[in-house]
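As structure tokens, here come the structures.
Here come two complexes built around subunit A, the first alongside subunit B, the second alongside subunit C.
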Partner chain A sequence: MLTEQSAYANRWRRVSPVAKGLFSLCGMVAAFAAGSPRAALLAACILAAATVLGAGVAITHYLRVAAPPLLFLAASTLSLLVSLDFGTPQTGVSLHLAGAEFLQTALVCSRSLACLSALLFLALTTPLSDIISLLRRCRIPETLLDLMTLCYRTLFVLSEAVHDTMTAQSARLGYTTLTVSMRSLGSLISNLIVQVWQRSLALHSAAQARNNDGALRFLENSYANSRLSISIAVGSGCLMVALTIMLP
Partner chain B sequence: MTDAILTLKNVAYRYPDGTPALDNCSLTVRRGSRTAVLGTNGAGKTTLFLHLNGILRPSAGQVLCGDNPLDYSRAGMRKLRSQVGLVFQNPDSQLFSASVQEDVSFGPMNMGLEEREVRTRVAESLLAVGMAASADRPVHNLSYGQKKRVCIAGVLAMKPEILVLDEPMAGLDAAMQQELMSVLDQLHAAGMTIIIATHDLDFAYGWADDGIVMEAGRLLAQGATTEILLRDDVQMALGGAPLIAEINRRLLLIGIDLRDNGYLPRSKGELLQAITAQTRQESTP
Partner chain C sequence: MHIMEGFLPVTHAIGWSAASAPFVAYGLYTINKRIREKPEQRMLLGVAAAFTFVLSALKLPSVTGSCSHPTGTGLGAILFGPAAMAPIGLVVLLFQAILLAHGGLTTLGANIFSMAVVGPFAAAAIYRLAKAAKLPFGPSIFLAASLADLLTYITTSAQLAFAFPDPAGGFAASFAKFATVFAITQIPLAISEGLLTVVVMNALARFNAPELQDMNVTTVLEVKI
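On to the complex of A and B.
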């Protein structure tokens, strides 16, 4: 879990999540406020620089996390640029490169890039539990947040269970040939479903044992100098928005 | 009987699929005692524990806390569960939140305490189990033993009168077991009643005042561990006897009575001490 690692081990881990959230929000505002691809790219660069140079997230880490969404972005940009024309039976099928819409496409693409780096900034500098408490402050419905909390925790429990079961299966030659592998995978999945069921019951008992009667409530982290960091974040965020608006 | 803090009267419980788990089970736990619950796998120890905390409700019979039968209403359960803290065997099925501090705060927050109070309790209980330095770490990066300690902290933060632990020593290394023991001893010294399910006869013999031996959902024996663990039927049911008790018995057979030193050794340390004292006595005529 690369995102996880840097979220817990970056220079800005102890900075108030409100500040980081607001800066990320400013990044998204800047992305939409940008009138030209150049301006949107500038916003993307500022956000990426803040993540890598400011928060100290390793550049290799950053690129590896960014690679999958970038691939999607590239694919969708390509499909916007190139259009397939079935034409008339005389002209036949032809590929068209967008001409007039080129600028439009470039703007959409660069804006998405800026939005992506704004989200990456938040995801790579803030642990999910902080993001959830941030969302709680924004009055997001409790049920959704509880689901997020449980899913997040269960993700690790399950990946460990998968890992252990697979190791145990391999130790007994479970993945030697294709047929055997398919059978092992099948039993892994069915076993996992039972485990999920049992774990959900166990979690329910554990919650009851600690006096739970509905919503999951936790203590929120407290952050030193949060007022200062929020003003810095909002200040620099607004500067970024202003820059993207002014850049022709 | 004001001495009893928890009492089961003829409790029976059958799981929804029909498996009987407790069968006409009656027992008492003394206030302020260190009680070990022993029994083979499937003897009903965990089911018993789930009854003490009101998670399971007996199909027949009664559970009493102090002198009063458990009140299974919402308010009654709130009160009971802040009195009886239950630590489960598998830490992964108890930890909810991804952050250590958050998870420990779960119980106190549910009790509706003020934030400042919750913060103090979280810090205190993490300190008590030696995990204060890991308060901000994500739970999934902890070792098994550390997770187990976080679970205990999560229950300690609720300041229960009775601490119920399901096989807390299982999976811990010797050093960590020692550490946990000293935490439990401190809590007991502060007046907490501690109930532990264990398979470790030596531990039960050395640590617990009282023992409860379960067999197939029934109470087989109850009383001082120094007495009941020497009974033949108990040894038969548990498949063994505490090593120190065996050694005491054998030494007595060859004419060495370790009680000459004033007490019967219960732990390894006490035994070694008693033997040293005994040999000194014999060498000085």
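On to the complex of A and C.
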């Protein structure tokens, strides 16, 4: 997974996840506080620059992760730009460009871009295991954290099982036509469901053998100078919010 | 169908999060109850979340040629129960936002409501209705999975229309607009997912009948067929 590669191999890997989470939160606040598209775009640029120049995430990598949501944003924006008028029975239904709403659409689009940059900042600099630890500090219910931990630790195992099964199926002429694809995918998923049952029972036995009494807890990383990094993140985040509010 | 990061106004984002919260809380309550009765369910639901995430990475062959991925809402609701799908959906949507930049954190509440609340509850209700109407196993599963997908897509279109009413035609025009734009991918997806879920459940019923019976999905009679 592209985001995972960056999250583990960026310059800010050893910076406290609290600091990165707070800076990302400030980015989202700035996006919603921005009064004009220009201000929201400024926030988006600051956040993207922090990810690429600060954390050292390769620009090509960044763009590859950002491309699918950007395409989706383009489709959504297009539907906002077009206005549908049911009209009267005489005039009939008409479709035209919503000129008056152009500024509003530009604001929504730029706000979405700024929020996406804030999300990408967090996703590309912080591994999910750190984000789960961060959520534990926010007193998220233990059951939900257990679900997240188990999901994170088994999704790569299941992804590998999917990859291996698909390779085996393709080698046996699976996925050749539409009907065969449907049958191959159906047998792949049903096989995966059985694996879900079997793996969960094996995990349960393994946890019981280690005297597991409920919550799944793992050792958390410790971060040097976390107070300093939190102060810097909050300071620069607040500055970004102030800039977006002040910019006309 | 995900609403992307930052697309909804702040009041809508908070409103949909508040609307989803009771369902997630109820889901957690039922999960805790299930875990107390059967401790092995904790691992099962965790792995089920990973399974739902992995499903979204698979490419679904579509009848119109457009390529999309299965959502797994109908399948998950039938296998693990609709109430458990709200917390599982939350985890999957959060992971999709962070690992794939698909969906978002500010729109998490709205996405949970459409994909982890409306979809699974609709699938479970339709499946029960179909069973009550004594429909065969295959058509019941097809209806549950495909209508759950369609209702999810209608909910998302309504959420977007509610946030951005059309200046000329209001909510109705905006809803028609969003529903038409997304229909190109969502209607073939619903049909494909319905068919796929039937293939999956048939394969399970044929080869893994005991597991399905453990989950109270099928009766002995259905499995024999």
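The working rule: the second predicted complex is superposed on the first by the 229 of 248 C-alpha atoms of A that agree within 3 Å, B and C clash if a C-alpha of one lies under 4 Å from a C-alpha of the other, contacts with A are read in each partner's own complex, and residues count from 1 in each chain.
Going forward, a residue touches a chain if its C-beta (ideal position, glycine included) is under 8 Å from a C-beta of that chain, and two chains touch if they have at least 3 such contacts.
Since we're looking at a predicted model, the values are computed, not measured.
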item	value
Simultaneous placement of subunit C and subunit B on subunit A, clash or fit	fit
A:4 touches, of subunit B and subunit C: first, second, both or neither?	both
Touching partner for A:123 - first (subunit B), second (subunit C), both, neither	second
Which superposed partner A:138 touches (first subunit B, second subunit C, both, neither)	neither
First (subunit B), second (subunit C), both or neither touched by A:209	first
Residue contacts with subunit A in the superposition, subunit B compared against subunit C	C
Partner chain(s) touched by A:219 [first = subunit B, second = subunit C, both, neither]	first
Which of subunit B and subunit C A:199 touches, first, second, both or neither	both
Which of subunit B and subunit C A:75 touches, first, second, both or neither	second
First (subunit B), second (subunit C), both or neither touched by A:150	both
Overlay on chain A, subunit C to subunit B nearest C-alpha distance, Å	10
Common ground on subunit A, meaning residues reached by subunit C in one complex and by subunit B in the other	4, 128, 149-150, 152-153, 157, 199, 203, 207
Subunit B to subunit A touching residues, read off their complex	50, 53, 55, 74, 77-78, 81-82, 85-86, 88, 90, 92-99, 101-103, 105-111, 115, 118-119, 122, 136-140, 154-155, 158
Interface residues, subunit A side, partner subunit C - complex	1, 3-4, 28, 31-32, 65-66, 68-69, 72-73, 75-76, 78-80, 82-86, 98, 100-101, 108, 111-116, 118-120, 122-123, 128, 131, 141, 143-144, 146-155, 157-159, 162, 178, 181-183, 185-194, 196-197, 199-201, 203-204, 207
List of subunit A residues in touch with subunit B within their complex	4, 8, 127-129, 149-150, 152-153, 156-157, 160, 199, 202-203, 205-213, 216-219, 221-222
Residue ranges of subunit C touching subunit A (in the complex, touch as defined)	2, 4-7, 10, 28, 31-32, 35, 39-40, 42-51, 53-55, 57-58, 60-61, 63, 70, 75, 79, 87-88, 90-92, 94-95, 97-102, 104-106, 160, 164, 166-169, 172-174, 176-178, 181, 192, 195-196, 199-204, 207-208, 211
